[in-house]
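What follows is a group of structures, each given as C-alpha cells.
What follows is chain A paired twice: with chain B in the first complex and chain C in the second.
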Partner chain A sequence: MVTATTKGLSRAHEVYADRGRRMRELRKAGKKIIGYICLYPPIEIITAMGMVPFRIFGDMSEPITAADQVSTTVVCPFLRSIIDLGIKGKFDFLDGAVGAHTCDIGMTTIIAWRDYIKDAPFTHLIDVPHTDHAPAVDYFEGQINFFKKHIEELAGEKLSEDKLKKACELHNKQRKLVRELYDLRKSDPPKLTSMENLEVMVSLFSLPVEEGNELLEEVIKDVKERNIKPGKKKARLMVWGPVFDNTSLYELIESAGADVVVDDTCVGTRAFWADVKAPYNLHALAQRYLVDIKCPRTYRDTQHQETERNYDKDLDSRFNYIKKAVADWHVNGVILQSVKYCDTHGYEVPNLRHYLDTLGIPSIYIEHDYSERSLAPIKTRVEAFVETLD
Partner chain B sequence: MSETATPAKTDQKRAINRLKSMYPLRNVVQQDYIDTLKASNEGKPTVWSMLNYWEGDLPLKAMGLNIVYPENYATLLASSGAAEPFLDASDSDGFPTHMCGYGRSTIGYSYRMMKENGGKIPPDAPLGGMAKPALLLGSGIICDARFKWFQSLARYFDAPEWCLEMPMMATYEGSEPELEDYQVKFLVKELKDFIAFLEKLFKQKMDWAKLEELIDLAVKIHETTYKITELRQAIPGPMHATDFWSSMPPSLFFAGDMKVALKCYQDMLSEVQERVKNKESGINYPERYRLIFAELPPWHSLKFFDKLAEMGWNFVFESFGYHAPKPPDLSKYSDPCEKLARLSRNFMFNVFPEAKADNIQNPIVETYLKIARGFKADGFFMHPLISCRAASCSLRTVQHWEQEKLDIPSLWVEGDIIDKRVFNPQEVLARAEAFEQTMDHYRKVRKSKGLDW
Partner chain C sequence: MENATPALFFAGIDIGSTMSKAVVVDAQGTLRGYVVGPTGAEHRRRANKVMEDVLLKAEVTLDQVAYIISTGYGRVNVPFADKQVTELTCHAKGVASLFPEVRTAIDIGGQDAKVLKIKNGRLTDFLTNDKCAAGTGRFLEVAAETLGLGLNEMGQISLQSDTPVKINSLCTIFAQQEIISRLSEGQPLTDILAGVYIAVTTRVVKLARQLKVEPPVVFTGGVAKNSGMVKAMEIVLGIPVLVPEEPLITGALGAAILARDEAFKLVQDGDYKMHKKQLSEAYIEFTEKGR
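So, the complex of A and B:
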C-alpha cells in the first residue's frame, strides 16, 4: 500500500531526503527488506521472492567515525561510509544484506558487516568473476543459483519460473522508463536537471520496483509537460565514474554554467541501460550482470584469444557506448570523477581520456573522498574547465 | 630473561642473523632476471606475469617460456632506491597517485621504455631491466585491481593480455565443500582455454609431461617451505622475516630453475632445523619480543629492521599472503589442469575450517589468530599501505580481534611498499620504544588469563 501524499518529482525529492522511511513502513507491514551493495546482486531474485531490494548507499554528509575501528583510511570512503552507518544503526530496517565481489573492498564490506553490524542477520556474498569469458558466465550463473537457494531458505519457499519472469519484466520496465526519462535531457536546454534526475534515480533504489515504476511514469508525464524557457548554458556535460549518490556534485557543476545531460555512473545509466533478456532464467541474469553492465570492475576481454592487441580497437570496443552517448546527448565535455582509492576506475582514467581526445571531446579528472566538504576545492577546476568549452 | 634489561650484543657484525641458505635463493631470482634478458637478446619471447598463485606460472614454464614478474621487479626498484623516476613517469602520464606502487612502477617503467627510450630498457633499470613483453599475464587473485594495470599497459605495448580467473576466498559461501568441484571445473575450463591460447600465440605445443613434472616439483617446494614455516614457531624464532622476503620468489612465483630452487629450500630447511636444535635466533640479540609483520613490507627501508633487531625485536612471521599453504594431495587426479586448479585454489580456501572455529567472518583475521597463537606473538607490526587496498583493508579488523581474543597489541605504522616518502623510520623507532611497555603489559594480561606466553 502506497502511503505517499506527493507525486512525481516532489515524491522523488521526499524519498531522496529520507530513503529509509518507505522501507520502515513496508517492514512494519510485514515485508522483508533486503539491502544490497553495488550493482551486481541480481535484484530480480529478491523481488521475485516477494521481498524488497534496497540499494545501500553511504552518506556524504555524515563524518566517518565508527568505521575507523573496522576499516583503514586508505580504502574506498564510500564503502567505509556504509560500514560507518551500519555500525551506527542507520540500517535497522533491513532484514538482510547482500554483497558481491565487485571489488576487494566491496567484498570485505559485507564480511565486516557480519562481524560488526548487528542489523540484517541474513547476509550473502556473491562471488563475481573478474572476466566475461564464457566459463566465467557459467560460474557466475552457479553463484546466482547459490544465492537463490540461500534466499529461498529465508523466504521459506521456492522461486518459481513465473515469479522470476514477472520480476524480470518489472525491472526491465523500470529500465525502459529510465531510458525514456534520460531522453528528456537530450533537448537544449534539458527538460530535467541532473539534480532532479539523481533524486529520481536514488528513489528508484529506495522503493519497491512497482512503486518506482509508478514514480517514473509520473515524473516522465510531468517533465514532458514542462515548458522550458530558452536559456542555453555554456556546456553540455557527461559525468563518468563510480558511485555518486548525492546531488552536491551536480549542483556544483551546474552552478559553474554547465548542464549535466547524461552520465556513466552506477547510480545512473550503468544501472539501467542493460535489460535481462528472455528467456528469463539464471543464465540470462548472469549474462546481464556480468557481461552487459559496463563497469570497470570487470575485465571486458574485447580481444579475447587474439594474438595481438590493438589499443585503439580495444578502447573503442570498451567505450563506444560512451561515444554513442556523447553524440546522442550532444555532449561537449566529460568530467571523470572518482572517489579516492577506487583503483578499478583509476586505471581507466588516462585510457578513457585518450579515447575522448580521439573523439575531440575535452575532459577533466576530479577526485574526492566522498564527503561534501571535499567538493569545495573541485569547484574552481570545474569552473575553469567549463570556461574552456565552446 | 628480563623484559626490560638492555640487550647484550652477541654479534658485532649484523643485527639480523641471516640464514646462509637464503643467499642462493636470492641469487636464483637475480640470475633469472639476467637469464631472461639474455634469452630476449637472443630473440626469445618474455612474458610479464603477475603473481597468480601458480596456475599461470607452471604452464608457461612447461612451455619453456621466460617470465618476469613486474611486481617483484618493483620491489627491486624500491630496495635499490631507483623507484622514484618510474613513479613520477606514471604520474606524468595521468594515472592517479594513490594507486598500487607496483602498478605505478610498472606503468612508469613501460612509459619510459616506450615513450622516452624508443622501446629500449631505461638505462637506470636495476639488474639490466625487463625486456619488452610478448604476453601480459594478468590476474585478479588476492588483489583484483591488478588486472586493470596490465590492461592499461596497452597504452605502451601491443602484446596481448590474458587475465587468469580464481574464485575468491573470504566467503563462507565459497568455502562450502560441495562447491569445490564446481570451482575446480571453472578453473579447469579457464586453464584449458589459456593453454590453447599459449599454443596459438607461441606456435608450440604444451609439453604435458613437463607440466606434470613441474606440478610435482611445485608440491615438493611447497611441502618444504611449509615445514620451514612450521619450524619458525620455535623460541627463539630461528628465521627473521627479512630472510623470508629475500628468499620467497622461487616459492611464490617459481622464479628460476625449480629443481635448483627445491635443493635450496631443502638446504634452508636443514639450516633452520639446526638452528631450532641449537636454539639459535634469527637475530644476533636476545629475543625480547616476538613480532608478526602484517602485511607487505617497506621494500625501500628493509635496513630499518636492523634497528628493531638491536632492540631485541624478532620478526618471527610475516606477510601471510606470500606463504604457500601445505599443498593438497593431488595423487588421485590425472588431468594436469585439474591438479593445477586444485593446487592454486588451495591457497584461497585452506583457512576456512579454522575461521569457522573462531566464529570470525574474515578469514584473514582467523589466519592471523592462528599464526599469533602458534608463534606466541607479543605484538603485531601493522603496516597499512597508502597504495594497496588488498593488503591494508583487513588490518584494522586483524588488530581488533588480536587484541580482543588474544590480548596482543599492535603498532600501527602507515607507509608504502614502494614510495619511501611516506615512511618515517625515526618516528617509528620512537614509537617502538613506547610500544615495548604495551607489549610488556599485555604479556602479563595474557598470563593472567591462562595463556602460556
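So, the complex of A and C:
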C-alpha cells in the first residue's frame, strides 16, 4: 500500500484536487471500489464487505458535452455532470455504481449508467420510500437487505454481524470527528475557512473510512493549535441546499467579506450529523438513513400531532434543527443555494425563508447550473446581501 | 460662517452596463455636480473620463475629493476608487436620500432590472433580473429598432393610447415577432407601443411582487426617463410612482453619500490619514449642523 506523504489540510487539498488517485491505488492493491450517488446508500454495508465506498460527484469545471446525447438539458445539471464524466471514462476505477431513489433523476441516473457507461459493471438502485412513517422504515430495511444480498454476490461472501458492527462504529467515529471539526468554526473568527472545510469533507468521500478518520484527527489537531487573530468582525453565514462539492461558491462568499461558519448541505452536516444507533443491524441503518438524515426529499409528519393546521408550528417541526445551528454557530445570515431544476429543494425555499424571517435571520436564494461560470452573475447579489448585514 | 466650510467633497462613480454616471456631493450630502455618458467597451478609460468631467461640472479638483466609491457592473474597473460597493446598496442609499420614506424601489437599466426593499433608508431585501433582456431597457431598444422610432418619441406616441394591445411573449425576440404581426394585423401604432411598455413593466412587476410591493414606490434607472414607461408602471402597479428628477444617477448619488459616510467613519475611528485635518473639520461642521 502506498502511504500518504502529506498530512492534515495539505493532504485534504491533495485528495480534493484528484479524488480518484487513492481509489486507483487501492484498486491496484486488489480492493473493490463501489461508487454511490447521493447520501442514501448505506455505506456501512460496503465498508463491512471489505470494499471502499466512493461518493460520486460531478465536476463543475468540466463543461457537459457528452451527456447531451443521452439526456435533455431540463434535468438536474449535477446528475447530468455525473453521466457526462462517466461517459468520458472519468470513473474507470469503479467496480460498481449504487444509486438511490432519492429523487426521480437520481433513479434515472442509474439507468443511464447501465446503458451508457461502460465502467462499474455492478449497478444497483436502492428504493427509498418518501416518508418517515414506521411502515416506510420497515420497507426500507427490506430494500437495504436486498442491496446487501446483491453486494454479497459481488463479494462472494456473506456479510457478518460482527463486520457490520465494526463498520458502523468506524463510520460513527467519522461522524463524531466531523462534528468536532465543525465546533472549531463556532469561534469568532472561525478557526477554519469554509473552503478548507469543504476540501476535508470531499476528501472523506474519497478515502476509505479509516484513512478519512486519520485525516480528520490530523486536521483537528492542526486547526486547534492555530492562532487566529481577531480581525474585522464579519458576517457569519450558513449555506443551505443540495449537493455543493466545489470550493468556488465558498470562495465567492468569503471574498464578499463574510465567513461561512456552518452549512446544511449533503456535502457537510447532513451527511455526518446522524449516527447509526446500536444494535448495529439493518433496521438501525434504515432508521438512520430514512428518518435521521434531514433532506427535503423525505416527507415528515408534523411533530406537534395536532389535527388543526398550524403553519408556524409545522415550519418549526421541519426546520428547528436549522434554528439550533443558527444559535450554536452565531449565524446572522443564510444563503440558500440550489442547483437549477431541483424541485426537491425549490419547493422548500419559500417555507424556509419564511421560517428564517420569523427568527429575524436575513436570507437570500441563489440558483446556479452546477458550473463555475454560472457563479459569476451571482457575485453581485452575494456581495449586496453581505452589505445588508453590515 | 458659510465661507468657513472646508472645500471637501465625495464622489460616487457608477459604471453600468450601458451608461456611466458620476456624482460629487459635499459634506452635507448636497449634489454639487453629475455627469452621464455611455459606458462603451473601455471601462477604465470611461471611469477616468467621467471623473474628469464631473470634477469640471462641480468645479472641484481631485485633491478636494476625500473619498470615492465605485459601483455598478464595472465597479472593479475604477482604479482610483477607495472602495467598491454593489449597485444594490448604492441605489437604495441614493433613492432613500431623495425620498426618505421609500419602501420599494424599482430600477430598470439597460441590461438588468432590480427591485429593492428599503426600510429606514436601508436596503433590506432585493431581487435582480440579470439573465434575460425581457424586462430591461434592451427590450425597449429592440422594439424601437423594429419600429424605426427613437426611444423618447416612442414614449410620447404611446401616451396617446388608452387601449394597449397585449404582447404575450416573455422573450424579447418572440415579442419582437409579435409586434410585427400586430402591425400586419393593422393595429394602431399607439396601442402597440402602449402594449410594449405594459409588457416590459409586467415582467418587472412580477419580480417586485415576489418581495411584496409597499408604497411609496420609487422608479429609477434610464428606463424611468421614458414617459410611456412611467405611465405603464402606474397602470400595472395600480398605484402612483415617484420618479427622481434625474433617475439615472441614483446609484452614483448613493455611492457618493456612502463615500462621505465611510470617510466620516474613518475619521471617527482615527484611521483616516489623507486630508485628515480638513476632513475632521468637515465632519465636525457636519455633525454640528446635523444637531
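List of remarks:
Heads up, the rule we're going with is that the second predicted complex is superposed on the first by the 380 of 390 C-alpha atoms of A that agree within 3 Å, B and C clash if a C-alpha of one lies under 4 Å from a C-alpha of the other, contacts with A are read in each partner's own complex, and residues count from 1 in each chain.
Note that contacts are C-beta pairs under 8 Å (C-beta built on N, C-alpha and C of every residue); 3 or more make two chains touch, one makes a residue touch a chain.
Bear in mind that the values here come from a model prediction, so they are computed numbers and not experimental data.
Touch criterion met: A:139 reaches chain B, while chain C stays clear of it. Shared-chain residue A:309: touches chain B; no touch with chain C. Between chain B and chain C, it is B that contacts the larger number of residues in chain A.
When the two structures are aligned on the shared chain, A:387 is found in touch with chain C, with no touch to chain B. By the touch criterion defined above, A:377 reaches chain C but does not reach chain B.
By the touch criterion stated above, A:27 is placed in contact with neither chain B nor chain C.
Once the two complexes are overlaid on chain A, none of the chain A residues touched by chain B in the first is touched by chain C in the second. By the touch criterion given at the top, residues 362, 377, 380-381, 383-384, 387-388 of chain A touch chain C in their complex. Those residues of chain A lying in contact with chain B across their complex are 68-76, 101, 103-105, 107-108, 111-112, 114-115, 124-127, 129-131, 133, 135-136, 138-139, 142, 146, 150, 296-297, 299, 301, 303, 305-311, 314, 338, 340-341, 343-344, 346-351, 353-354, 365, 367. The touching residues of chain B, when paired with chain A in their complex, are 93-96, 98-100, 103, 138, 140, 143-145, 147-149, 151-152, 154-155, 157-161, 163, 165, 167-168, 170-174, 179, 182-183, 186, 189-190, 193, 197, 200-201, 360-362, 384-390, 392-397, 400, 414.
Chain contact summary for the complex, chain C toward chain A: residues 73, 85-89, 122-126, 128, 130-131.
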